[in-house]
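The same subunit A turns up in both complexes below, where it pairs with subunit B and then with subunit C.
Let's look at the complex of A and B:
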């Protein structure tokens, strides 16, 4: 029997990056942030508070291995070793499993700090759409959290839910956003209370003759509605931005904007690294504070 | 007796067993609108039902509605599986969920041939002369029936003697709150101690609590990153607070019906109308927002506590399907904002299935408010 090719539609593209504008990190204060999420892990290395290198990869079954894998990939071809990093902060669900970290900070605090760096000091509301949860965060001009709210219990409205739909419809997860606009008319949303219910409903809609595009539109619509409720519960204050993997899905982002009647700021860098970036920045602040105290 | 018993969270039922072995009755009750003075005056041991450490409520789920809260289901489970082996159940209609415990237990006990003293009292949801009078009449009926059941009539003298004991407890609890304010007792420990009042006889409790307080006075303050207050639905699980305190918060105050709200100020008895004094006290004290006319007073008490205890943040835990604490945040939040105290809202179930979710929220909240 011929082996059937198994396509993992849910898999998103892993990446790493090195800042071409920093030819040499030596002499700089090097700090790092490692964000071990339920689905993805990011490591960001900063030189004097400027992103120098990062990696963004899937989280494996072993969090310490994921942390080591992510930092190694970020440092690849840079000449950096762990010994060169003055301070590392671990964040995300696996924050206590970063074997080389000096401290742990929650991803809520780190995302606010990271978004403040990515989008600037005017950012006040951040929607972090992660792999298995979703957070509405308010912050001040320095990126300090002033209030937050997280989704409860279900993975509906998160990256994992999107991966389930990608596999069900045999559509690459990265193509879902664009495909969801290839429709004549916006359909009603599918169930947004449960990933399993949404999956059952999508299957039923396919049987009744809906195109994949229309089902994806209904799913993106449902996901947008779900997170809008979270945003409304926590209150909306502009400027507004979205971080996390789902920020890359235009099908969800544009629908959130349409429902809320606002525009999200457009990112200049990978939104998935916001947590790790914030962690590295907080690490820099802590080192500088400590040094200032020692010099007093 | 050493005070170690105060810190035991499992429901052993040892005190009730010993009480019953002496030929006397022990009766369970749900909700703090059941005045324990009446039970004590009838020489009945009051056992406040709780569901601490319940890990499976599947038997009770077959009886209760899917819209019942998991606290009510878990209490019924403990009645059904024999964790509680008592002579009866007295219930106030504190909330509909609690009322369903009595309805179902009454039926199940009868079906299983288990003789039980079953009685429900109506506690009006508004406080005025008429409602207090009605409530007093309800308490009189309870007193009469309970006296007949136990063989010891409830008299004014009996009620006054019982109130003297419950007031002794209230006085000791006030000392415990001072120790919490001074950060000498954690929120986890305080809830354990207050829960022990549910299962011990009042004399055992007074003795143990007195010993504990004498000991704890000599402690140094606990170091913490933020001083917190807990409010919300019936919380009978100290582990829930431990998760929060493990993340750097210290719960120095609460407005919980298994905590501060179940004790309150001392009960002042008017000799001319002893039962009327009890009715007035229990109906007008602000235990939870079940009443229609006490919510502004509850909010004010929470705000006042924030000021008195130097609270940096409030954690509002809301049990799924809780009718009393379901939507209070909307009304309370502006009052808290006015005094600069942020509030974290968390949903929970009786069984601790979401410790990780709670931990991340608590840790982020502490990071947000720590000075």
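Let's look at the complex of A and C:
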């Protein structure tokens, strides 16, 4: 009997990166941020406030192990050890489970700080589309949060919802965005209230002859509508950007832009690391404040 | 900071808005004892200010939790004792 290949369509690509412009970290103030989300974990190491290395991987069943795994992967081939890191901040759902952290900070504060670094001081509205929740955040020119609203009642409108649809339609999650535009006409959205309803609706549509591309378009459309409602309730102010894993899905991003009639800023780095990046930056600020106080 | 705690589901959107800057200056924090459902609590925020928040376990059931106050047709008990007008409802 032929063996059936089991493909995990939902599995996105894990990654790590090292800054080629910083040949040696020695002599620098090293801070780190570890963002343990429900679905993914990121670790960012900064040297004097500049990203030096990061990793982005799936969160396992054990949060402390995920934190250690992420920081080890980020530090791989750098010569760094945990002892070289002056200050580490844990953030995300699992922030209390970072065994080597000096402090915990909410992911809302860290995402605003990280987005301020990635997109610059003009950023005012951030939509963080994570694995199991979605947050609309307002911040000032320094990246301090002025308002936030989140919805984690249901996986609809989150990365997990997208993974469910990827598995259902046997489409790799990273291909969904592009495929959702291979249609003649934008279809009506599927249910945006519940991911289980959306899944059964998608199954029904496939049975009636809809192509995978059309179903994906309907799902991306529904997800965009859901998060736009969140953005509108929290208030929209430009500049606007999207962080989190869904920011990599053009099918959702372009539909949000179309519905709202605005353009999201284009990121210069991986949008999934915004929280960990913000945590590492906050760590640097805390160390500098402490040192300034000691020198007074 | 304006913190919106709550959710949206098929029946509507249910958010309680708290102005945490006003809460930080409030010595009484009367909303905590006024709420019959014990939705409110205090916590040190990221900058070590003591602020009021909605308990995490209660955030996704606000429609049911606030139903008795809403049914009276009068101002909710938490809002009625707040001296700073720091609490708002989306429904």
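Keep in mind that, in the parts below, the second predicted complex is superposed on the first by the 292 of 296 C-alpha atoms of A that agree within 3 Å, B and C clash if a C-alpha of one lies under 4 Å from a C-alpha of the other, contacts with A are read in each partner's own complex, and residues count from 1 in each chain.
Here is the rule we use: a residue touches a chain if its C-beta (ideal position, glycine included) is under 8 Å from a C-beta of that chain, and two chains touch if they have at least 3 such contacts.
Every value quoted in this text rests on a predicted model; they were computed, and no experiment measured them.
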Put subunit B and subunit C onto subunit A via the superposition and say whether they clash or fit. clash
Does subunit B (first) or subunit C (second) touch A:106, or do both, or does neither? both
Using the superposition on chain A described above, determine whether A:229 touches subunit B (first), subunit C (second), both, or neither. second
In the superposed arrangement, does A:194 touch subunit B (first), subunit C (second), both or neither? second
Classify the contacts of A:249 with the two partner chains as first (subunit B alone), second (subunit C alone), both, or neither. neither
Looking at A:158, would you say it contacts subunit B, subunit C, both, or neither? Reply first, second, both or neither. neither
Of the two partners subunit B and subunit C, indicate the one touching more residues belonging to subunit A. C
Can A:93 be said to touch subunit B (first), subunit C (second), both, or neither? first
Does the superposition put A:42 against subunit B (first), subunit C (second), both, or neither? neither
Once the structures are superposed on A, label A:149 by its partner contacts, choosing first (subunit B), second (subunit C), both or neither. both
Hey, what residues of subunit A end up touching subunit B and subunit C alike? 105-106, 109, 145-150, 152-153
Contact footprint of subunit C on subunit A as seen in their complex: 105-106, 109, 138, 145-154, 193-194, 226, 229-230, 233-234
Subunit B partner contacts - residues on subunit A that touch it in the complex: 93, 105-109, 144-150, 152-153
Contact set on subunit C toward subunit A in their complex: 1-4, 7-10, 13, 15, 46, 60, 90
Within their complex, state which residues of subunit B touch subunit A. 342, 345, 347, 354, 356-357, 360-361, 363-364, 367-368
